[in-house]
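Should a chain be cited, it is by its letter among A, B, C, D, E, F, G, H, I and J, assigned in written order, with residues numbered from 1 in that chain.
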């Protein structure tokens, strides 16, 4: 079973049980963003949460094995088109140089890791319209001289 | 004076006074990320903070006028190359579909605005290596039926 | 049932009944452009109009569910080729900077939303050749300082 | 004098007199969008309005000659980046196929001309936030059989 | 039946009867280039010639319906590769600016329509090697001021 | 003197004398399209017409030498943007496969040369709007077996 | 039978009989490069060698018909990736301007035809490592003035 | 002095003395293609021929030093546009897979080197039109197993 | 059996036996990187190691034949997306000019062969986090003058 | 002084003193590859080695300041063209998937860092032709679950 078939199986089971990603994530004791990304095939899941997830959704061991495989991460665009994803790309374009200035001012020459990294989505209620709060947390990696 | 010359003038004055972006932002009472982006030419600055910034850095009225101009936002890439900025692009690639799932599960069909939007960078100290914490806060805009 | 199969089912039923998009839109009390875009898979349809549409065209609940799904919006080009769509792209190229000048002169620094947005197509009869009248109506979103 | 120098001269004179595009357009009795596009070098202006515009802004005959030249229309992108212009591109992407369906249903096989074409921008006041109203009006050109 | 299946059906019938495009075009009283383009799916054919063509080639009503559908015109390249088609692209590259100068000198600011347009291919016999004569005939559309 | 400077010198002299490309071409006894293309730097001009052209426009021997140089032909696009040139590109896209069918039916497997090639532009007056008539004439080159 | 199926049939028959391209080419009395290119679908083969080739490899008349069809030549890259083919592309990049200088110095303004063209591959034995000798022979086509 | 200035100096001196590339190459006892490529900045020239070339053309030691520098080889296209160079690119496209078949049949798995490589251009006189003969000679490099 | 099916067969057999690439490579007495690349279809394997590998994994002669075929090497990107592979691409971007300087300083004008080439991956244990050690070893090929 | 001017100043001083990169690196006690990359503007140099380098080459404090600046890393290609750099790109293409398999087999799901990273170039003498030995050493970063 490859990652694409795995994702289909999980989404089918999730719909049948009418579960949200948040409920699944809570059910296995991990973060919602990470669990969703592993279910969409963009991260590998260690054995323990994979087993819990398959128990929760009554999925086979093949699904568990596919969740544990190391993925080849790829996406279908250089510039994304879906408006929700494009807005994130636009933020990188508009604020990329700014973040480089501000992060390197605080930390020195280096980068924020996208590997040793976590992310969270929260809802901020607001009478003028609710707000999405994205929090990214990545290890700072300084450049090395040798 | 165009935005490029404005940025050069600001950076020169900033270096001469040995000020950080954070100090400038505090000096005019606005957020660091936003002030930096306006100084790099990616946002327009209202008259009041522009006046304060020019007072703080002893810059001419031409700089103030340039800060107040509405910018044409553009960047030089489809796929960025600087490692710090590329990592942000990679996050959009790896987690874009995930964020779409999680945000739309919480809010319904729509997007997070990149216009009615704020962003902050914080430093989380950690013995294993400090961590960069990026927080994005954007209004949720639901799709409209008509 | 995915969005592609849904579109095929709707177009088959529409042809069989010899209905126009305009007639379908009137039949469910919504705008023609929006109804067509939802049927082509580019917008999600709320439960009520989706139920009406399926009743009108005698389509299954699977079609209704597919209409209600939140779509991933994408298109197959960077530069479109079909002459009708290319002309719209050309208009954005030729008049994009102009619209930026005129809109920002009237409203201040910001954008016209493509999310909180409606559009209409009308026919203007003219002895020298009929004319297409496209009307777009989008909320103005001002940039935010913080 | 080429079109780029012409645009700079016009914008300088416009700023010095503190005139809006709308005021200039009214002053010469033509539409705002068209006048702006000709001043930005994207349309040629006939002798009469060009003379009026140069009189209004006290500009030389060289500017008039440049306004009358037939432009080579071009833009710097395949996918635009400035958020205001990108939103228009996104609308063509999301609604392009829909407009093809709706226009061809009303008019038959053909296109909306981008040459025999006018456009207007209006402001619709609204307590929840003002709205931009774009109206495009183009001649329908049917495909020819031979 | 879609346009691709329609083209296959027509080419099969054409080969079986050993007919040339020219013979088919004469048989239905239309131009060779136009008939060929409609059979390849790049133009819609009105009911009458479509009926004649299906009679001539003994094809079903489904083919007739497909011929009458309004096509989405697209091609698989930005730069074509087949040498015959590439040479045409090269001519546009080498002579495009020249044609702009010459056409606009003769007609004023505007374009040659590719919609209200006909084309013909003739053979000019020549002892040093026969020559291809392509004739394009398109309505001149002047730019509109408003 | 390079080709770009040569083109500028010719256009300046042409404007000063208020000559059209057609008048220049007649003055030196060659075709309008070819003369224009050589003056724009896309063809090399033999010594005799180059001398006549420089005499007619009172240009220096340096211009003559530049006209005689063998050009490196290039253009700034893969997909052109100026509407007049784009329409020609669109014609290649829409009718390219058709022309391949029709030319190869008449001539066998091969191409129309873009080197041993001439082109002409004529104006066809028409009460419904004048028409542009482009005629291309290229040697047919059959593929060789060996 | 299309060209792709034809190539598969030929390669299967070639492997079964353990024949080289060179042996096949000798068997039908034509050049190795040309025969191979026709078998890979990049050239059309006249009736006589096609008949011989099908006799030699005991292939059906359908293969013969497919060999005789006029191909649409295309390849899957702008920049090739296979190292053998990339090296040829690199040679065009590194030596293209040089060849333009040298060929036009010897022949005047014009090109080497890729249609009236033959090519051969030979092996030059060498104790330091054998060498590949590619010989291309194309008709010189001078540009035409008119 | 960089390579671009070097090329300009050499071409100026070459024109002033009315020398061909072939004469220069003979004058320094090296091949025409190689000498031309080094003068265009695409190869480095060892000290001895560089000294001879500068003596022949009466050029300074700076030119000699620039000729000896190791170049960064690059070209301005992915798909070339000048017709002479494009035809070479087309040959790689049309015959690339064929050459891979034929070369690997003769030599085994490997490539023809573009580094340990020579090339020659000859003129073959022919009453039907002279022919260009390009000969490439590159070392075969077998893939290595380890 | 083509290379893709071959890779699937090998990976299935490898998983069933729970063997690592390293164990397979040791089992046939070749390097791990080379064996893996041949199994992924990016190199051809000589008869002897191919026979050993098929014996070790109990695979058919068809797999052996497919391992021995000369591959067409290609990859699905210009810029890779998987983070592990992207980092290698980034290293070429960041250090490419540096390596050119350093290698050519040590060896003269030329390149490191990617054909006569070996590569190895080792693990360096380190309390602060293990390190990957990649060693590439390629023949230096000097440019040739002729 | 920006990074480009800094590089020019360093290379001028290096040439004047006839020093190699290796000698400079030894002179300041750091690695050759790293020193070269910092001098080419692709890494920032801490104060101490920057001071030593400026002392060694008798360069001003402005150069030292420029060496210490945090660079924006970028390169001019998606696919490199210089043969030395292209071969490295080709290696990433041919062996990228292989390295992913082998590294992840040894280390688990994660990447080799290009930030916490060193590289070295050595010369391996060999009677059949010297060999380039590149050694890369990067920290393994495991993906994080959260």
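Definition applied: contacts are C-beta pairs under 8 Å (C-beta built on N, C-alpha and C of every residue); 3 or more make two chains touch, one makes a residue touch a chain.
According to UniProt, the chain labels map to these proteins: A, B, C, D, E, F, G, H, I, J = Cyanate hydratase.
Everything numeric here is computed off the predicted structure, so don't read it as measured data.
Trainee: Which other chains touch chain F while also touching chain I?
Mentor: G, H
Trainee: Tally the contacting C-beta pairs at the G-I interface and at the D-E interface, and name the larger one.
Mentor: D-E
Trainee: If over half the contact pairs have to be identical by residue number, which pair among A-I, C-F or D-E is the repeat of B-J?
Mentor: Repeat of the B-J interface: A-I.
Trainee: How far is the middle of chain G from the middle of chain H, if each middle is the mean of its Cα atoms, in Å?
Mentor: 23
Trainee: Per the centroid of Cα atoms for each chain, what is the distance between chain E and chain I, given in Å?
Mentor: 50
Trainee: Please report how many Å separate the Cα centroid of chain B from that of chain E, as a whole number.
Mentor: Computed value for the inter-centroid distance: 51 Å.
Trainee: Chain E to chain H: how many Å between their CA centres?
Mentor: 43
Trainee: Considering chain E alone, which of its residues make contact with at least two other chains?
Mentor: 72-75, 78-79, 81-83, 90, 93-94, 97, 100, 104, 110-111, 113-115, 117, 141
Trainee: Could you list, by residue number, the parts of chain A that touch chain B in their complex?
Mentor: 20-22, 32-33, 36-37, 40, 42, 73-75, 78-80, 82-85, 87-107, 110-114, 117, 119, 121, 123-124, 126, 128-141
Trainee: Spell out the residues on chain E that touch chain D in their complex, using ranges where they run on.
Mentor: For this pair, the touching residues of chain E are 30-31, 34, 43-46, 49, 70, 72, 97, 100, 104, 108-111, 113, 115-118, 141-146.
Trainee: Can you check the complex and tell me which residues of chain G touch chain J?
Mentor: Residue positions touching the partner: 79, 81, 83, 86, 90, 93-94.
Trainee: Under the definition above, what is the set of chain D residues touching chain B in their complex?
Mentor: Residues 79, 81-83.
Trainee: Touching residues of chain A toward chain I in the complex: what are they?
Mentor: These residues of chain A touch chain I: 72-75, 78, 114-115.
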